[in-house]
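Shared between the two complexes below is subunit A, which has subunit B as its partner in the first and subunit C in the second.
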Partner chain A sequence: MTAPAEAVRLASGAQRAVLAPTTGSGGLLARVVRAPGGAVGTALLAFVALALLAGPLAWAPDPDRQFELATELLRAPSAAHPFGTDGVARDVLARVLAGGRLSLALAAAIVVLATLLGTAWGLVAGLAGARTDAAMMRLVDAGLAVPRVLVLLVVLAVPGGESLARLVVAVAATGWFGVARLVRDDVRRLRASDWVLAARALGTPRREIARRHLAPHVAGTVLVTMPLGVGHVVALEAALSWLGIGVQPPRASWGTLIREGTDVLVQAPWLALAPGACLVVVVLACTLVADALRDALDAREGARP
Partner chain B sequence: MTGTARPLLARLAQGALVVALVASAVFVLVRLAPGDPFAAALDDPALGAEVRARWRAAYGFDGPIGAQYARWLGALAQGDLGWSTSRQAPVTRVIADALPWTLLLGTTALALAFGVGMATGAWQARHRDSPGDRTLTAVGSAVGAMPDFWLALVLLLAFAWWWPLFPVGGARDPLMGADASTLVRAADVARHLVLPAAALALSLVAGVARLQRSAVLDQARADWVRTARAKGVAARHVWRRHVWRTALLPMVTLGGLALPGILGAAVFVEHVFAWPGLGGLAAAAIAARDYHLVTGCAIVGTVLTVTGSLLADAVAARLDPRLRDEHRGAA
Partner chain C sequence: MTAPAEPLLALRDVRVRIPVAGGAIVPVDGVSLDVHRGEIVALVGESGSGKSLTALAILGLLDATARLEPGSRVLFEGADLAALREPALRQVRGRRIGMVFQEPMTALNPVLTVGAQVAEAVTAHARVPKAEAWARAVAMLAQVGIADAPARARQYPHELSGGMRQRVLLAIALVNAPALLVADEPTTALDVTIQAQLLDLLRAAQRERGASVLLVTHDLGVVAETAQRVVVLYAGQVVEEAPVAALFAAPLHPYTAGLLAAMPRAGGGRRELATIPGTVPTPGAWPAGCRFAPRCPHAWARCTAEAPPLHDAGDGRRARCHLVKEPARRAQVHAPAAGAEA
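On to the complex of A and B.
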């Protein structure tokens, strides 16, 4: 008679633990914003988003507009051009704003795609039998051991297919292994946990276990990886574009802008420094938010009985 | 010894699988991608169909895809990576010339990153939550947020141009006389090495310091450390034998995990500083549309990282008897 009683006790504990996060998701965000690092990170990201989206309203110049070539070529930062002008007399601030929109949109698309792929793979492997799991995870280990940049060089250097879609697919296809590993480990750990065991002993349907017991935890794991992924991918896209195999000119992204700036690094350092500084701010903000998010989730997990 | 050999063999097999996967993926991408690796080299519309056919045959791009794959794998197994059109030499030889430079740069950067990072992290752990700890954490976050290629550009601008302490690029002074002694040559290479190695190390050092800090803090709370303290073991001894040594293990793991990343970063950093290594070679090969050289660099780079990860595993197994036993139990 003690076993069912034990199961009930564990299950009710599990209910509490799982109910807490679902009802407290607003609390999670609040905790992120309240942490000092999280506050700075969120503020920086909000500022960048505002600047990129509303910037063109306040800052009129068209990123492709060329000013007077005779007088406005490679001008140092000034009141008229806060980030200076480039080699064909375009306003660098306007180009940084336009480039940032593309860079961040690409990064968001890549991270969403990679996260979906990795989560699906990890869920299937985690829920599958031991043999399928081992086979699927062997592929993930192989993917993690591959130098990603070198593979991307090969993929993106194939001439003829330079498009944003190829860039997004290629970077996402080489970036989902980490998420898959995390999700799979999470699912395996949860499957072996007392409260899932208890729920199963009580005859809870599998779908209900997946929805109430697995989903909230896996969602937390996946959530933390996303801001980190955005920071990483923004930098990676810039590096690839800088090398000439990512975003192609005349499209502006932070990578292509730094590439243009590299050619005149000595005469006009602001060309490379301005978009690079924006890149650093975004990556830093993403790291801070990810850290605060992880701490908030850890605190929540810690509350589990 | 069999206890350690078995899991290492399994890891070796997995490493071979990784290399085979990358090599096959490279093959599929080259052959099946839209566009033709010769499109750029044979742009001239005046070239006749038979010239193109001869080029394809010369590079092994003719015949059924299965036969091409078999032939390509056979050549790869014999160490033949094709012909580099931009260097007019076998890819194997071009890469063999570049490899020592990448190894020199990579090991220097790794040593720098781990030396500085571990010392910093350990210091931070001992002075936890002090102003110094907080400052270092903030500085580390900022440095860690800098993309490697941009950091390299900034270092180049700052320390080779504005304040010209170091040469702007290359690995040797081209004007050095043939009569220069070995010592002078070594000093010259070292001077050229500083900026690229610093750029590469800086992109890694923040992560190392952070992990070391948390590893030491974890260990400092461990039961055996408390026991050692309770027995009255000297504080210095506790740190050295119980905290520091057990905190070393995550570092070795990180070393193995950092390898693919550091080789990727090397592509950009070597390109910035015109360092004659594998990464710079790959970047130059892309600019020259030298396709065999790009794929060769990718394959050799993969072999390099897989070898490095295996080494890290072997070192971790030596350091931690628990890992050996775990593997033995599983095997």
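On to the complex of A and C.
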């Protein structure tokens, strides 16, 4: 019954339900921000977002502009170039800002796509009969069993040059298995819950049960996986770029920057350090937010006396 | 005792079959019972007797593997619910038959306000504006004794006590003024004082709304306080059926007698409570002959050889025991057993 479009509708309705304010103790976002870890994570993410978006206004150099090769090659951080310059005399700060925009945009696109795919798959499997469910979940098992980077190597190493769209689709298409399994297990568990039985006993139509009684819980689960997914995908994109199958130079992403930096790690450590540190900060912040999100959802659902 | 009027609900030969590895079990094996209009009938039995499955079977709420066997009939308001398909059944659920569940902790959705969950019962069966559904939900919550209902309706289940949650479940079941209320162990999870209040509410629903109640319970104290008629279930079969006073005064089936003897009584002194030796046999391992025979203090050869039918004992009483038709032996059994057992 649940086509992907239906799943999208379910998910969006669900998010509204989850984000609706609760009595007494404030909304979900308020709870996330109030938790110590959540506050730090949100602040870090906000700072990174601000830096990436507003940074170019304060720090003008074009990330592709080459300064005087004779004097500005592999210069250590200074007032003129706060993060130093790279092997072809480009400003590293400008490149980190540009790379961050691309890396995080890619990650967001990939996570949204993979989450939608996985949620739809998990919903269908969870609501389906035992046989369909088994078949669908064995496919997920297979997907989880195959080494992801290997698959991506094969898929992305085809000739034809860089394609960001292909990168997004390929990474998303190999990254939805975990979400699918979580959603499916959630749906199975909820289907057997007393309150779903109670809803059936009062004559609620099946579609309404899915919308009111399954979706909000599933949305909670899915919501928690998303920030974790962003952190993971940024790291994966860096790895792929490092392998030469992700974003291609001269375009800057945190992955390509780290790769370029490792070539000259001894002479100019700042080259790899700057984007590497940014990556660590973003992954850490995402983890903190996901953690706080999980606690906040838990407090809402649990609170069992 | 019972008028010859058509019963509101009549189960006829209800069998529930669950396939298991290497065959199938039949945990509900040919249950027939009537609930008349305005009557409270208690369905009593130990864990594993099939009473909850019987309750779920009435509304077609058995889970995916369990099936009503062909030939089972659930006659309600002129229709056989066992033969209805899902959309037609949905019209009955919550509208004509309300269901109260056992666990107030888990039968409410933790992420919806209780008012929304009562209102859901309204909108499931009537196209009414949201505001009206909400108003009816709040009014119903007030009727089941929730103080400050307008504020409580906006709270989540975890903000309410167990007793209040059970009241909410009752409100959900009653909001559409059903003709029949099926209550599956509605008081099991509650304190005794709260239990009494809830039973009052059930009786009030019967008195004021003319609703019939099928009360599924293992608690004979609850039965004595609430029901007019009792149906005792053992190992998936009705073993005794009687008006409540008659049953408590003189049970016909040794199993019922055992249950009554196992009840603590005020003023009973510091005696040890009687127990029935053994446990309910699991479905699939039911003994031949009378299913209670292995645990029965009065069993003799005939009991293990021949399954007794549900004998009619007159005065609206029925019992599935050979003793009913053997007055000589019954007199012999009852004379020494009366005092010696205690």
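As a working rule, the second predicted complex is superposed on the first by the 276 of 305 C-alpha atoms of A that agree within 3 Å, B and C clash if a C-alpha of one lies under 4 Å from a C-alpha of the other, contacts with A are read in each partner's own complex, and residues count from 1 in each chain.
Convention: a contact is a pair of C-beta atoms (placed from the backbone, for glycine too) under 8 Å apart; a residue touches a chain by one contact, two chains touch by 3 or more.
Just so you know, these numbers come straight off a predicted model, no measurement behind them.
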So, A:192: does it touch subunit B (first), subunit C (second), both, or neither?
second
Subunit C versus subunit B, contacts on subunit A by residue
B
Mind working out whether A:235 is in touch with subunit B, subunit C, both or neither, as first, second, both or neither?
first
Looking at A:83, would you say it contacts subunit B, subunit C, both, or neither? Reply first, second, both or neither.
neither
If you stack the two complexes on chain A, which partner ends up touching A:212: first (subunit B), second (subunit C), both, or neither?
second
For A:284, using the defined touch cut-off, is the partner it touches subunit B, subunit C, both, or neither? Pick first, second, both or neither.
first
Regarding the shared-chain residue A:177, is it in contact with subunit B (first), subunit C (second), both, or neither?
neither
Subunit B/subunit C common contact set on subunit A
none
Quick check on the complex: what are the subunit A residues that touch subunit B?
138, 141-142, 144-151, 153-155, 157-161, 231, 235, 238-239, 242-245, 258, 262, 265-266, 269, 272-273, 276, 279-281, 283-284, 287-288
Any idea which subunit B residues touch subunit A in the complex?
14-15, 17-18, 21-22, 25-26, 29-30, 33-37, 39-40, 141-142, 144-150, 153-154, 156-157, 161, 259-261, 263-265, 267-268, 271, 282-283, 285-287, 289, 291, 294-295, 297-298, 301-302, 305-306, 309
Subunit C - residues contacting subunit A, complex
59, 61, 63-64, 90-95, 98-99, 101, 103, 105-113, 120-121, 124-125, 154-156, 158-159, 169, 172-173
Subunit C-touching residues of subunit A, taken from the complex the two chains share:
17-18, 22-24, 129-130, 192-195, 197-205, 208, 212-213, 216-217, 300-305
